[in-house]
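Going in written order, the chains are labelled A, B, C and D, and every chain counts its residues from 1.
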C-alpha cells in the first residue's frame, strides 16, 4: 500500500471522458512519473489530486485519509505540495518573503492572525527558510524581488517553497516545460539531489522522456484517460503497448 | 521615508541574526521607530506646526492649527490608514468604506444618547458595530474580486446611505441626522439641569482647550484633539506592526498570487476578510471619534463621494506606504477647509500692495481657484500629482529626499 | 396592467439613457483598458452643447423700450435676437426652437474633438498605469470639467426645452384599448428611445461590419497580437475614444429636454453608469446595453406605489440590490468575460 | 506663563509679548471678562457667513453671500443704507455694531451637515466669529444650529423651510426669519380652494427626507381642512433626476391635482417631467388638471423655464413687492449687482440687520442678551410688513406670499407674480402645535459659551 492510492477515478466533462477508471498507487519514497500523450488526462488527474477538481466517482486516499471534497489548501496541509508548469510564486514579494510564507503555513495552518508579532522575530522560520535557500543555491538572492529573477531561478524558488514545507508528496507538473537545455539539466540535478538527500516521494508529470527516465523509479502510462501500464522505466521503454500508444506517436 | 513597501525582513547580511535587530523601540526596527517618532512629533506639536503665521497677518488664513481641523486631520488619517491596510496590502479596492465610518458614528451617538456621554464606550461601540457590519458586508462581497468586489461594496454603501436618509429616519434622524439633545437622558451621568450633554472623558469635555500666546502667535491645545491624536498614534503603530508582521506578508501575498497561497496551504479569503474587518474597525474608530469630537451624525457621511474621498486620500498619499494615507488625508482636508474659506475680500488684502489695476487683475486671476472654486483647484492638483508623482505624495517626498542626499554627497 | 405597461415604457426610456452611457464607458474600457471616471462629465458636456448652441442661436442685442420699466424702475432693455433680425420673426423663432436637435450636429464634432484631445493629451499616458491611477486622474479631470462649466453657467439647472413639435404626450393606451389618459407617453421620450436604439445599433453595426471595427474588436480581444500584425492600433484607439465621447455627447444633448442640464449631472450618472457596466459584465458591449435596460425597467417597477407600499424604500435601493443579486449569482455580471478586471 | 484674561482677538490687539496662557473649563474659547464665546475686541466684530458654495445650491449660496456683503457694507455706513432707512428700529447708525467695524468670514457648507459644521467650527475656533448665519437646506440649518447652541454663539438661519428648524429641533441660540412648511400650507390652501374649488383630489409626490415630510404633512392637513381629498402620497428618492416613473401613474389615479413637495433640482425636474407628460393640459374628473409647487424659489423657477407658468406656490419674499423696505433693498442690491435679489438674499440680509439691531438694543454681544432682545421683538420695514420674532420658538411670524408662475414674463427675473399676501394671523400656530414637535419641543437654555 503506497502513500497515495487512486482507485477507480472517473471524470467527465460534458461528453468527454477525461478520466476513466484510473487506478494509481504511489509508493512511499519513490519517484513516480505519469506520462502519456496530449489529452491523456494527466493534468486532470493532477487537479483531482490537489482538490481543484472533484471526480465523478472513485477514491483518492493519501496516507490513509481521503482527499476528495477537500479544498486545495487543506490538501496541502495534509502534506501534498505542487509545482506548476509555469512557476507560481509571489512575484511582488522578496525571495525571503516567498520562502517565509510556506514556513508560516506549515507552522500556523491555513489561517492565523499573527498580526502583531514582528516577522523579524520569527528567528526559527527565518533560519529554516535561509537553510532551504542555501540548499537550492539562492541564498545570495534572498532580498531580490521575485519578479526580477530569471525563469530558472523562479522555478528553483518555487521548488524551495514547496520543499521547505517538508511535504510527504511533491507533485511536479512538467517542471522543465519551456526550459532551455542547460536549465533542464540543472533542474534534473536539483530534483535528483532532493530525492537523494531528502527522500521525498514525488509524482511527476512530464513530456520530456529524458527527464522521466533519469528520475522516475516507476512510470504509469496514461492514454485517453485510462492507465495502460505501470512498471519500471526499463520495462516501460520496451513495452509494445506503450510504444504504440505513446512513444511511437511522439517519435522519440 | 524610503521604500516602505518592501522592508527587508532581516538585516542585509545573512550572518547578522535577526534576533539581534537593534536600535528600535516598541519592537520596531530603527527605521520604523524613526517614522513612529516623526508621526508622534507631528501629532503632539501640530498646534505649533500648523499655526506658522502670526494672528492677524495676511498669511494667517493658511493657519490650520485650530481644534476642528486638527481633529479632522487625525480622524481622516485613521480612516485612510485603515483603508490602506485593505487596499494597499491586499489590493482589494473597497468603494463603500464610508458606510462603515457612518455606521460607527451612528453607534457612537446612540451610545452617548442612551448610555453615557463618556466617549470611551461610544468609541468602543463604534468599533464593534462597524466591525460587525464590515464582517457581514465583507463575507458577501469577498465572494467576488476585482471591480466586481468594488461594485458590491459600493452597492452596500449606497443602500445604507439611501435608507439612512429616508426610511430609516426613526433610527438615523434622516437628513437632519442625530445630535445630543437636552431631552436625552443617558443611563450614567447625563446633565440634570436640562442643558445639552457634552461628550467627555471622565468629566473632561472634548471642547476643553488650553491656549498659549507667544508674541502675536496663538496656539490652541485641545483635549479632544489630543485624544484623537493618541488614537491616531495607536492606529499608526498597529498599522506598522501589521505591515511588518507575518500577517502583513500574507496580505501582500493575497495581492500577489492567490493561487499559490491556496497551494501553500493558506486561505486567501480569510486573510482578506480579516483585513477588510480590520480596516472596517479603523473606519468605525474614525466614525466614533468624529462623534466624540463633534456630537452629530448625518447620512451624507456615507455617500459614495465620501467613500471615494478615502480612496483618493490613500492613492494621492501613496497606497501601500505607511505615511501616504496620513499625508493624503491631510492634503485633502486642508484644501477643503482652508482654500474654500478664502474670499474676494481676502484676495484684495493680499494683493493690496500692488497698484490698483494690477491688484484687480491678480484678484480676478486667482479668484476662480479659491472659495467656491476650491473644487477646481482640487481637481487640478489630483491630476498633477497622478501625472507627475505616480507613487503619490510619498514618492514626491522620496524624490526630494534623494535630491538632498545627492546634493550632500556631491557637495 | 396598464400601469405595468406604463412602467415598462418608462423603464425602456430610462434604460436607453443608461445603456447609451454604459455603451460609451464600455467602448473605452474594452478597447483602451482605461477606467474613465470622466465619462459622466462627457455626458454633461454633451448636454451643455445643447445649452451652448441654444445660447448662440438666441444671441441678442438690447433695445430700450421706453414703455416698460425694469426692476429698478429704469426703462426696460428688450432683447432682440439676431436670428430673428436676419431670418424674420417666424423663421428665427423656429431656428431657436429647434436648438436641441440642431445641437446634435453641433455636438458631434465638438465631442469628438474633446475626446481626441483627452486621449492624446492625457489618457494615452495612462494605458500602462494601474487602474487606480486612471481612476484618480480621470476623476480629477471630471472635477475640472464640471467646475469650468459651473464657472460659466452657474450651478442651477438650465431649462433646454425640446422643439414645440415634440411637446405633449402620445396617448398610448387608447391604441391598446385602454381608456384615455391611462398610458401617456411624451413625444420627446419616444424620440429619445428610438434615437438611442439607432445609436446603439449604429455602434454595433460599425464594429461588426467595417474593417475598422473588426480591427478594434480584435484589439479588444488581444491587443498585443494586433499590434504585432503591424496595424497602428493607437490611431484607431484614439478614434474610438472620440467615438465614445461623441456617443456620450449626443446622449447628453438628447437628454437635455428631459432633465434640465446642470454642472453636476455627470457625477449623478457616474456611479450609476459604473453599476450598469459591471452588472452587464466588464468589457461586454451587449452586456452593458442589456444591463442598462434591465436596471431601467426594474427601477421603474420599484417606483410603483403598490410596490413601495409593500417594501418601503425599495425604490431607493433597487438598482444596488439588483446589482448585488446579479453579481452573486453570475460572477462576471450578465455577459462578462473571464479575467477582465478581476484582479 | 501668566494667566490672561484676553480673548484671542484681545491678545492680538494688545500685542502682548511673551507667554500668556488660559485654561478653558468650557467648550471652545471664551473671554474670562465678558463671559461669552468670542467676545469681540474694541474695534472689530467678526460674523461668519456659512453658505453653500459648491454643490447643487451653489447659486443660492452665491446670492446669499452677495446679500451678506451688502448688509455688511450698509452696517459699516457704506452704500445707500438699503433697508436701514426703512427699518422700524433706528438704533443702527452705520458705524458698525456697537461701534465696532463689521468684518466677516465665509465658508462652504457644501449642503452637507458635516461640511457645514466643519466650516462653522472653523469660523468660531479660528476666526473668532460671534455669530453664524446662512445655509440653504434644513438639514444643514438644524446641524449648524445645534453646533451654535453648544458653542455659545448666535445662529441666524438662512434659507430653511422645514418645520423642524423651529419645531422639534428648535434651539435657544437659533433664530429663523424664513417661513416654514406649516405657513406654506396655511397660506396656500385657501387660495387653492378659491381657485380650484373645494372638491379636489390631490396626489402628492414628496422628496424622501425631513423637509419633504413636514411639507407634505402641512399641505395635506391644510388642504384637507378645505375639503380636499388626498388620493396618494408617494415618496421620491432625493437623488432622483428622472421622475417619469412617478409622474406617469398620476393621471390615471383619480386625482385632479398634483402637489410636488420638491425643492431645488428635484422641483425643476419633477415639474418639467409633469409638464412633459401633459399634466397641465389634461382633464381629470371633469376639471382641468392642476399642479402645485408649495415652495417656490425664483432662482430655481428659472431652471424650470416655461413650465412654471400659471402654477401656484408660496414664497418668503419677492422683489416685485411694492413696500418701501423691499423697494429700498431691491434698489441697493440691483444697483450693486445688476439683477434683483432672490428670497434667499432677502432673508439673509434681514437676518444680519436683525442681529446687528438686537446687539445694539441689548448693548452687548453676549448671546443670551442678544436672544433676549430678539425674543418677542416686533418690527417693520424689512419687506414683509409687521413681523414678530416669537419668543416661544424663535420663529418669525409675518405675511406669506402666495405666487404663481407669470404668463408673460418681461425679463429672465420676472417669473413669478404675487397672487395674494396672506396676512400673518392666518398662518399663526401654537408653539406646541403637533407639526412643530408638540409639547416636547423646547428651546432649552440659552448658552453664552464660557
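Throughout what follows, a residue touches a chain if its C-beta (ideal position, glycine included) is under 8 Å from a C-beta of that chain, and two chains touch if they have at least 3 such contacts.
These figures come from a predicted structure and were not determined experimentally.
Enquirer: Average the C-alpha coordinates of each chain, average all protein C-alpha coordinates together, and give the chain whose average is closest to the overall one.
Expert: That would be B.
Enquirer: What whole-number Å value describes the gap between the mean CA coordinates of chain A and chain B?
Expert: Comparing mean C-alpha positions, chain B is 46 Å from chain A.
Enquirer: In angstrom, rounded to a whole number, how far apart do the mean CA points of chain A and chain C lie?
Expert: 54
Enquirer: Between chain A and chain D, what is the gap in Å from one C-alpha centre to the other?
Expert: Once rounded, the distance between the two centres reads 75 Å.
Enquirer: Can you work out the whole-Å distance between the CA centroids of chain C and chain D?
Expert: Centre-to-centre distance between chain C and chain D: 35 Å.
Enquirer: When you check chain D against every other chain, which residues touch at least two of them?
Expert: Each of 58, 62, 208, 235, 237, 239 in chain D touches at least two other chains.
Enquirer: Counting only residues that touch at least two other chains, what does the list for chain C look like?
Expert: In chain C, the residues touching two or more other chains are 316.
Enquirer: Find every residue in chain B that makes contact with two or more other chains and list them.
Expert: 162, 165-167, 375
Enquirer: What are the touching chain pairs in this one?
Expert: Pairs satisfying the touch definition: A-B, B-C, B-D, C-D.
Enquirer: Quick one: which bits of chain B touch chain C in the complex? Just the residue numbers, please.
Expert: On the chain B side, the touching residues are 91, 93, 140, 143-148, 151-152, 154-156, 158-159, 162-163, 165-168, 304-305, 308, 311-312, 315-316, 319, 368, 373, 375-376, 378-383, 386-387, 390.
Enquirer: Within the complex, which stretch of chain A touches chain B?
Expert: Those in contact with chain B are residues 50, 71-74, 76-77, 81-82, 84, 88-94, 96-97, 100-102, 104-106, 108-123, 126, 130, 139, 142-143, 145, 161, 165.
Enquirer: If we count contacts the way the header does, which residues on chain D are in touch with chain C in the complex?
Expert: 55-59, 62, 208, 232, 234-237, 239, 241-242, 244-246, 248-249, 251-252, 265, 268-269, 272-273, 276-278, 281-282, 284, 299-300, 302-307, 319-320, 330-331, 334-335, 339-340, 410-411, 413-414
Enquirer: Where on chain C does chain B make contact in their complex?
Expert: The contact residues of chain C facing chain B are 35, 122, 125, 129, 131-133, 135-137, 139-144, 146-148, 151, 267, 271, 274-275, 278-279, 282, 312-313, 316-317, 320-321, 323-324, 327-328, 331-333, 341-343.
Enquirer: Under the touch definition given earlier, write down the residues of chain C that touch chain D in their complex.
Expert: 2-3, 6-7, 9-11, 13-14, 17, 68, 70-72, 76, 150, 154-159, 161, 167-169, 181-182, 184-186, 188-189, 257-260, 262, 264-265, 268, 299-300, 303-305, 308, 315-316
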